[in-house]
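Alright, structures below, take your time with them.
Below, subunit A partners subunit B and then partners subunit C, in two separate complexes.
Now for the complex of A and B:
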């Protein structure tokens, strides 16, 4: 059984590669259509007793998927351990909240500003710190995440610990009305952006920047010798990851209507990282699956109420022990040695 | 900004900072020991500390000291102090060994990636926090006053409180003991060998599994001692106590150069002092920000921390 699932990713990729164009298009259309139709598929198998299924689809499931894809660019593709990813999410959300309540700009005008600010903070954090090695980078990014939160708590101009309320909703698109009561349009909005981001990441991964990230993850020094500007590639990975979180933050704030700084704590960063690693680091479909599972499971088992986070924690440990490379691991073509028991240092996702 | 407070109460703050720093230093030793041997951040170490605080509570409960009791005196006080300290250290050490067994051992044998191991440790950490949250009904717990807290001497406006003196002195003794253990004993030599080169150490006949267990045990003992000192001074604990102390202690370990024992000590004291000074000047809300800014500045100038990394260098 384990042997079969182990090859699931490669089997899937093989099938995809062998498929003619019409089958690929058909499968994509079915998959995308299924995702858009999800809010209506409220059957007992996947519904969430104790919380509204359609809301759960938007947050946490949709949001986690988007953020996990963004963090995967940083951690999975280029191997930089970022423990403060929530900071960029917070910056996006706060941009939406501040500009939405203080100015007449609408959602679509604020979105690029929010993304721009998230990217700018990515540059500001990344430029000095990305020369640090893995574990040091982890603690510095963790610190950055906490600093953004503490700054928001202690600055009364942006609401202090009470946060900001009365964030406007996006204007209507055709017949879809964005109201607090109906999470469906937000879910579709989020899904549309997520699909765009997946498309962008897949394009990038197959081209020069993606190969540069691969090289940097495997060996920083060799990548540099091969003529890759490692510093610039790393900052770009960081900034793109930040941009994705920024998009997520802006959409999140416009749906939730009021935000408080404590929503943006370290646990969010860690959960998103868990999604990436749990699903299969570096492989975008694995990451999506991981995010769906980790976001959905606590809601699905809400009937356990008290011990549900405990169950979640134990499940995390058990899963990592059984499948250390995640549910859908990345393709293993980088390895010469096929026998897993003898591979001490796999180099996959290894932070050097 | 309140520099007058810093000037007037400088020695008072220094003394408090040293007591806090001693606790940080003891916790950061656990991070640094594990990092030296496994090259991994032990994310569950903050929970090992948290379990130590509950171990102390359990110990006083066993003796039958109650919250409303008067502070103990003489022999009974000394006995209670020592008993609670030992129980705290043991409970933390056992917890640390179990953490290694559950979260690390299997993954290490399969040659899993660093990130997979990190997530596994995070899973253990989440589980332990949740377990204690459920067991304590999310409420903080008070610790009975074992000893009468009096001021021993007053120097330049600084009142030297006896419990903090005990903390600083006892923490110093523990550190010396650990240092001797690492540099003098056979097992300590094994730990140094593994942190220098795991493969060569195996070839030289070092039992890696035992060395790793001992490392976690030693780190747990230190965290347990820190937990007892913490609860002795601050007299309360909760399921989330590990989080902030853990982050600070980890920062301290990185500041001094992770993997380096003496660096961790130095980092702990520097961070304790810095946090106390900056919270006097900028208010307690900003102390974490200042600590992190200083950490970033240090890392930018010296990317491996103040003393560089390596347990082996700690001998010199």
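Now for the complex of A and C:
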């Protein structure tokens, strides 16, 4: 049986590979320009009745995209199921909130601290737990995510369940003023960091760390036999994922002005994971598309009011049935039909 | 002595899989461990390559105790394993699989071309399939790839885990011929096999493993003619 499926990912990759350099540069510039211009492209086709379009672009769309890219390093590239990803986001946000309200440090000074703390917690969580595999790791990370939230709820020094209010906004950059009234500069800030992260992740994935993650995902034991320090590679994947969430957390807190622990619940981890799975695990463009759709759709159909989450859920279920590997899946070469032509000619067969 | 295992004990939980095994592999030899299913052959190899922890005993490589060393560091010393059941990376192409075999080498860039040619010389079939995904190869080709990839690491001792498993007789003969060739090119080999006939014909010395113990140790050619071994492992009754 010949199964013909139109694979958008392969077509896209093929087109890209065949394109000369000038066309790649041109397409990249157009794409990036389009992303930066998005806040002004508020038209009836993509607008979000019921909520402010420019705010939606920042949160949830932009934020989900960034987090999904980060989680994709952990889940998609190295195959580690992390259900507590929101914890690193929370650590970034709380660092911004605490240092922003209690010290004179500004956004740009707090950002590296927040990222550093998120990475540090990635090391602390990853080092002991990454010897676990599969489901066990998922449970431990799920626990970690909840511990961070519950710790915040129960610690009065950081506001307890009331959270922290009055978080300062970033200082102005030229004429772009960061105020609660105008989400555009935040969106551009987030977009800039997202583009930087995409660039970084793509470079890493094509080099030795990416190869190591690839090997670990396919077979942990065999990866060790290749001389890969699998634990160190896994901790690195975890730490880089945490760093991305940390960046997101710091930016998020500086925009929203006040945070409460319950914003960082399990639902966020699950939704980000859903973005990764929905878009296509392991393929960064699929993950981005997945995050955009999953963040944008509930806002777009807000006019349905009550049943909108139901409609959203049904759409998800239908989608995953139609395309179980996601919208833009990673090229799955292990699923290619084997070529058995040579078997007879060499008189070799398999005995099972 | 290249590789020496002294009084090795290995446990899976409370079950003792290896109960005090000692073996020696000299430079330039092919040594084979034969035994039935569940005798502990694969556990022996996994312990030597570092995938299983040692309960007690010693593993010496060139006189250095490596029994507590991490698996990836042992690769650097020169121990390379072609895992059981053709443990290749199914989602990588043949070339990418072979390149992975060089992952830890510091001079991987300069060595790559030379070693790829060596592997293609031993296994011309791999050159034909160079851009094919590992998972789409036939069983025999996957075994070739696993061995070829292990060779990319320029091992001093090559550990082979049941290279004949699940292969047709013609392919088995082919693989064993190449194993001898690899040995002739100067690589010491520790071979774990259920196919005792082939293994004993190719090896210099052999150990017979039964439920975690070495019950016999001799020149391979002597074991081929040993009535007890013939009855138990070669499918020839002692009439």
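One rule holds in what follows: the second predicted complex is superposed on the first by the 328 of 352 C-alpha atoms of A that agree within 3 Å, B and C clash if a C-alpha of one lies under 4 Å from a C-alpha of the other, contacts with A are read in each partner's own complex, and residues count from 1 in each chain.
The criterion applied here is as follows: a contact is a pair of C-beta atoms (placed from the backbone, for glycine too) under 8 Å apart; a residue touches a chain by one contact, two chains touch by 3 or more.
Because the structure is predicted, anything quoted here is derived from the model rather than measured.
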* Asked: Thinking of the overlay built on chain A, is A:228 touched by subunit B (first), by subunit C (second), by both, or by neither?
  -> second
* To do: Figure out whether A:321 sits in contact with subunit B (first) or subunit C (second), or with both, or with neither.
  => first
* Based on the superposed arrangement, let me know which partner A:212 touches: subunit B (first), subunit C (second), both, or neither? => second
* Asked: Which holds for A:262: it touches subunit B only (first), subunit C only (second), both, or neither?
  -> neither
* Of the two partners subunit B and subunit C, indicate the one touching more residues belonging to subunit A. => B
* What is the shared patch of subunit A, the residues that subunit B and subunit C both contact? -> 340, 343, 346, 348-351
* Flag every residue of subunit A that touches subunit C in the complex, lowest number first. => 208, 211-212, 214-215, 218-219, 221-222, 224-230, 332-340, 342-343, 346-352
* Asked: Which of the residues in subunit A end up touching subunit B in this complex?
  -> 75, 81, 128-129, 131-136, 138-140, 142-144, 146-147, 150-151, 153-154, 266, 270, 273-274, 277-278, 281, 306-307, 309-310, 312-317, 320-321, 324-326, 340-341, 343-346, 348-351
* **In the complex, subunit C residues that touch subunit A** => 49-51, 70-72, 75-76, 80-81, 83, 87-93, 96, 99-101, 103-105, 132-140, 149-150, 153, 166-168, 170-171
* For subunit B, which residues are in contact with subunit A within the complex? -> 35, 41, 102-103, 106-107, 110-120, 122-131, 134, 243, 247, 250-251, 254, 258, 285-286, 288-289, 292-293, 295-296, 299-300, 303-305
